[in-house]
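What follows is a single structure, and I will ask about it in a moment.
A, B, C and D are the chain letters, set down in written order, and residue numbers restart from 1 in every chain.
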Amino acid sequence: MADFLQLLIAGLATGAIYALAAIGFTLLWQTSQTINFAQGEFVMLPAFFALVAMHWFGLPFWLSALIAIGCAVILLGLVFKLVIVDPLIRQGVLPLVISTIAVGLLLKDGAKEAYSAEAHRFPSIFPDRLVDVLGVKISLAQLGVLAVALAAIAALQWFLAATSTGRQMQATAQNPGVARILGVRVERMVMLTFVLNAALAAVASLLISPIYLVKFSNGETLGLAAFVAAIVGGFNQVRGAIAGGLLVGVIDNLAGAYSGLIGVSSSYRQAVPLALLVLVILFRPQGLLGRREERSV
Amino acid sequence: MSAVLEVRGIEKQFGGLRAVDGVSFDVRQGEIVGLIGPNGSGKSTLFNCILGQFEPTAGEVMLDGCRVTGLRPSQLNRLGVGRTFQLLQVFPRLTVRENLILAGQEHQGSMLGRLFGARDAGLSAEAERTIEFFRLAHLADARAGGLSYGQQKLLDVAMAFMAGPRLVLLDEPAGGVNLTMLADLRERLETVNRERGATFVVIEHNMEFVMALCSRILVLAEGRIIAEGKPHEVRRNPKVIEAYLGH
Amino acid sequence: MKKSLLACLVASAAALPAAAQDSITIPNIIELSGAGATVGNNWKNGSSLAVEEINAAGGILGKKIVLEFVDTGSDPGKARAAIQRALDRKPVAIFGPIYSGSVSATLKLTADAEVPQIIGGEAANLTAQGSKYIFRTSFGQNVSMPKIANYLRDEVKAKSVAIVYVNNDFGRGGRNAIMKELESRGIKAAADLSTESGQADFAADVIKVKGSGADAVFVYLNEEESARFLVEAKKQGLDKPLIGETTLLGQKVIDLAGAAANGVRGHVGLTVDAPIPAIQNFGKKFEARFKYKPDHNGVKGYIAPYMVKAAAEKAGKLDGKAIAAALHGLTITPDKVPGILIEATWDATGEIDRISFLAEVRDGKQVITKVLPKLKQ
Amino acid sequence: MRSGLAWAAVAVAVLALALAPLGLGRYDVYILTLWLVTAVAALGVNLIVGYAGQETLAQAAFLGIGAYTSALLAKAGVPFGLAFFAAGGISFAIGLAIGFPALRVQKHYLAFVTLAFSVFVWLVIRNEEWLTGGVMGLKDIERPSLFGASLRPHRLFFWFVLAIAAALTFAMWWLVRSPWGRAFTALRENPVRAESLGVNVRRYTLLAFAIGSAYGGFAGALYAPLVEFIDPAPFALGPSLLFLLMVVVGGSGSFAGPFVGAAVAVLLPEWLRFAESYYLLIYAALVILMMAFCPTGLVGLAGRLWSLRRRPARMAEDEGARALGEAKP
C-alpha cells in the first residue's frame, strides 16, 4: 500500500509536468489548429536559457529563472507565432505540422551545438528534504512541483473563466468567426495563447529540470508524453489535458512497477500509456473529458 | 405511382436544439418536390439525415420500401440517390471531364475491376454526353477550379446525374447563379425529369425558380412541415406567409 | 546529360578535402547525434585534444594528423555506410564507433579491408568474432563483469543481486554478461529490471528493487540515469549496497546526484578520477579546453590517437596492416607515451589489459579502495 | 505528344540510372542504392499523404517490419522473392488492421494511432531478442542470388534494386492514374462530396494507407540485404517523422516528389559533410523555409520556376497556393 502511494505521488508530480505541456498543446490546437510537434523541445529549452544566464553571465538563480521565462515567452511564444506559425498556417495544416517537426529538430540540435551534449544539474527551488507520511517518503521538491504546477493550472483556469480577456480567449477558441463579430480582437487572443503556452512550458521546464537534469534530448520523452496526455484527456479541453497529464504520469509509474503482475515485461513500460491512447481513440475518440465535435458538412 | 422515398418521423437533435422535429413525407416516382422554409428551419439538416450524413435521433427513411436509415452516403449513392450541397462542391484540381468520371466510376464494376481496368472506367462516352447535355463542352478539359461560379454550379449538378440516379436531392441549386444560367439550369432539370424519369427533391430560396420547377411543395418551419401542396396553394397558405414574415 | 549530372552530384558528395602530403586523415565514425550524442561528443573532444598534442609535438613519423568526424546518428546502418565510405579511401586507421551495435555492424568491413579500427564499444562478443583489426580502448564486458561478479561474491558477500540495466546495447550487453557470471558463482538474480535510456522517473524501479529482497543491487545505467536512480534510491531509503561500473562511480554521476551518490561502490576501469597524476592531469586539460568534465568516453577518445602513434612508431611505417600487427601484443607505457595515461597491453584479439580499481564514493569523492592488477603480468 | 515526351524522359532517366554505377565507386553506388530504397518507402508515404490526404507517422516502422520479415525468412532459407512479397504482404495486412479502427474517427487520429504503433514496433524489435536479436541486431544478412549468381557485388545489387524499384514505381503510377487514384484525389480534396458520389471514403483511405505501408515493407525487404545488418535504431519514431519531412520537401502529391525528397534526405548529409553534426540544423532550417515559401516542395518549386519562364507569374502562384492550401481538415 505504501508502495502504491509512493508511486501515485511520484506519478502525480511527473504527471503535473506533462499536464502543463499538454495544456499548451490543447490551447494551440483550439485557437489555431496547430499540432505542435516541438512541444517537448519547448519544455526542454527554457532550462538552457537559465543555465546560460547563470553560467555565462553569472547571474543568480532567481533572476536566471525569470530571464528563462522571459526568453521563452519571446522566442517560443511571440517569435514562434510570428515567424513560423503565421506564414505557415496560410499554406495549410500539413506544412505547418511538418515545420513544427523541423522546429523541434532545430531546437534540439541547436541546444546541443550551442551549449553541450552533456546533462547538466539544475538548482531546485525547493529544499532537498524528505517528509515521511504513513511510510511514504515524499520529497519536498516533489510536493513543490505538484503544488506549483497545480497552482499554475488553477490560475490558468481562473484566468480563462473569470477574466474578460480569458473569456475572450475561450470565445476565440470555440469559434473565431463569432468571436470577431462580438468584437473580440481575435488576432490578439491567438497571440496570447502562444504566449501562455510558452510561459507554461517555461514553468514546466524550471520545475522538471532539477529532477530530469537539463539535457538537449529531454524533449523527446516529454513531448511524446504530453502528446499522449492531450489526446487521452481530450484535445479540445484544458481540463482534459490536465486529467490526461496526471493520468499518464501515474499510469507510467504503475506500469513500471506492476506490469509483471499481468505478465508483461517492464521493458514494455513505454507501451502502456500508448495502449491507453489507442483504447481512448477506439472507444472515446473525443478524449476522456473532451467535447464531441459533430462532423461538419 | 409508388413512393420512391418515404420519410417517417425524422428527428435530429444537436445538444438541446431540436433542428428537425418529426418530419414525414413521401416522394413519388417522377415528381419534382420543392422543400422551402425560412433560414434555420432545418432543411439542410433534414437532407443530411435522409442522405446518411447525420444519424437521425429518431425516425426512418425508406427507399423503394426498404429501410435505408443509417446507411453511409456512399451506399445510398450506389442505391441510386444523387445529391448536391448547399455550398459549391466540385474537385478544383480535376478537369471537368475527370470530375464527371469520378462521379460515375463507383457505379462501374468491382473495386479490383476499377484498379486493373480502363483509366476512364468505361465512362468517357457517358461523360461526353453529360458534358454536352449541360453545355460544358468548351470546358471539358479545363480544371474545375478555374470555372466561373455558375459553370461550377452546373458541373456540380451534372455530377449528381452522372450515375443515372433515380432520386436526386438538390440543396439550393440556384443559389448565386445568374439569370440566364438559371433558366438554363431549370430547363436542364426539367429535361432530365422528363427524359430519364428522375425524381427530385429541391431545397431552394429562389421562389420563382422553385414555383416554376416543382410539382409539389413542402414548407418547413422550426423543424416541422407546416404546409404541403401545389405551388399556387402553398403561395396562398396563411401559415406559410406567417412563417416567412413572422421571423 | 542526366547521367553525367548524377555522377557529378554523387561524386561531389563523396569528394574529400584534398589531403596534403604531409598529413594523414583518420576518420572518426562516431555518435554525434541521436541517443549516443553525449558519448560521441566526449570521444570527439578527447581525440581532438590528443591530436592537438601529437601534432604540436611533431605528429606521427613526421606526419600531422587530421581528424575527420562523421556522425552516425547513433544508427548502425549509417555507421556501416560511413565506414564503407571511409575505407574506400584507405585510411591507416578508423576510430569508432562507440555503440557496440554499430561496432558489431562494421567490424567485418574493417577486417576485410585490413584497416585497424579503434573502438569504444564494450560488449563482450566484439572481440570474440575473429577480427584481427579491432582494438578496444576500455575493458570489454567480458573482462569487467567477472571482476564485478567476484567483487559481489568476495567483498559484498551477496547471495542474491537485483540487476537494473538500461535497455540499449551497452546496458543489455552488460546485463547478459553479468547474468552469466553470477550464475557461475551461484549468486541468484533476484530482479532483472529493464529501464529506458532517457528515463526520468525511477520510483517504480526502486520499489521493485526493494521488493526483490536482494542483498545487493547492480546498477548498469548511463551516467545521467545512474544519477536519477541514486537520487530516487536515497529518497526511498534503499539500504542495500549499490554496486556498479564506471558509469555509476564517475565524478559526473557524483556531480549530478550530489549526496545520493555517497556509499556507492564498485569496479572502475580507466576513469578521470583515478588517483594517478597523468589521468587527473588529462582531466584538467580537458576541462580547461572544453569547459566540462569528461566521462570515460573522453578518455577512450583521448588514448586512441596515442595507440596509433605508438604502434606506427613500433612498426616504423604508417600502414594499416602494419599498425594492427604492431598493436597485437604491444604494451604501451606512460613513461614512453605519456598520452596512454596508464600502462596498457593489447592481446591478439584486440582486448585491452591494464590495472583497474575497486572504488567507492565517500563525501562526494571517488575513493580507490583497492588496485586490481593487470590480468597478465 | 506530351506523354510521348514524358515516356522518353523516363526511359532516359532509367537508362542513366542503370549506367550510373559504372562510373562510380563502391560507396557512391551504396548511396545510390540507399536512395532507391528510401524512395520506394517515400512513394508509399506520398500515396498516403500526398494523394489520400492522410498523415502517417509509422513508415519507418513498416520499413522495420519488412526488413525483419525478409531477413528472418532469408535466414530460415526462404528464397528472396517469397520473403519480399511476405514483407509487403504483412505490412499491408498490418496497415489494414491498424487503419481500420483509426479511420473510424476524425482525420488526425490516423496520425495518432500510427505514432503509438511506431513506438510499439520499435519496442517489440528491441525487446524480443530471441527473434530479432534485440539491440544487438541481426548480422550477416545475405544478399539474394539470381539465376544462381550471388548479388553480393555492389553493382549487381544496385541493378537488382533498380529493377524492383522500377517495377514498384510503375505499379504506383498505374495505381494513381487508375480510377482509384482519382478517388484518392477526390477524398483528399473533399471527402464529404466524394462520399456523396458513391466513393467509399473509409475503404479507399484504408486501402491507400495499407498500400502505402506495404511500400514501406517492400523497401524494408530491400534495406536489410543492402545494409546486411539491421537493428532497431532506423525503425524508431524519429525516422518516421523524417520520412514525412522528406516527402513534403520533395513535393507531396506529385509523382516525382518522393524521389526528389529521398535524394535530399540521403544526399544532403553527404553534401553537408563539411558541416559535421550541424547538417541536421541546416536541414531543419531548409525545411521550414521550404514550407513557408514553397509548400509544394522542390518539385513544385521547379514547376514554378519553369512556368515563370513560360507563363505569366500570377498563374504559377495561383497553382502553388492551390496545391496544398486546400489540404485543411
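The rule is short, and it goes like this: a contact is a pair of C-beta atoms (placed from the backbone, for glycine too) under 8 Å apart; a residue touches a chain by one contact, two chains touch by 3 or more.
This one's a predicted model, so the numbers in the text were calculated from it and none came from an experiment.
Of all chains shown, the one whose average CA position lies nearest the global CA mean is D. Among the remaining chains, the Cα-based centre furthest from that of chain B is the centre of C. Centroid to centroid, with C-alpha atoms defining each point, chain B and chain C lie 73 Å apart. Between the CA-based centres of chain A and chain C the separation comes to 36 Å, rounded to the whole angstrom.
Note on chain placement: the centre of chain B and the centre of chain D lie 41 Å apart, centres being C-alpha means.
Residues of chain C in contact with at least two other chains: 33, 35, 167, 194.
Residues of chain D found to touch two or more other chains are 126-127, 192, 238, 277, 280, 326.
In chain B, the residues that reach two or more other chains under the touch definition are 53, 85.
For chain B in complex with chain D, the residues that touch the partner chain are 51, 53, 72-75, 77-78, 82-83, 85, 89-94, 98, 101-103, 105-108, 111, 114-117, 119-121, 145, 159, 162-163. Note for the complex: chain C touches chain D at residues 2-3, 6-7, 9-14, 17, 32-35, 69-71, 73-78, 80-81, 84-85, 88, 100-101, 104-105, 108, 123, 125, 167-169, 172-173, 194.
Contact residues of chain C toward chain A in the complex are 33, 35, 37-38, 40-42, 167, 193-196, 198-201, 203-205, 207-208, 210-211, 223-224, 227-228, 231, 235-237, 252, 255-256, 258, 291-292. For chain A in complex with chain D, the touching residues are 33, 35, 37, 84, 87-88, 90-99, 101-103, 105-106, 109-110, 112-113, 220, 224, 227-228, 231, 265, 267-268, 270-271, 274-275, 277-278, 281-282, 285, 293, 295, 297. Put simply, chain D touches chain C in their complex at residues 12-13, 15-17, 19-20, 23-28, 30-32, 34, 126-127, 129, 134-137, 139-140, 223, 227-231, 233-234, 238, 267, 269-271, 273-274, 276-277, 279-280.
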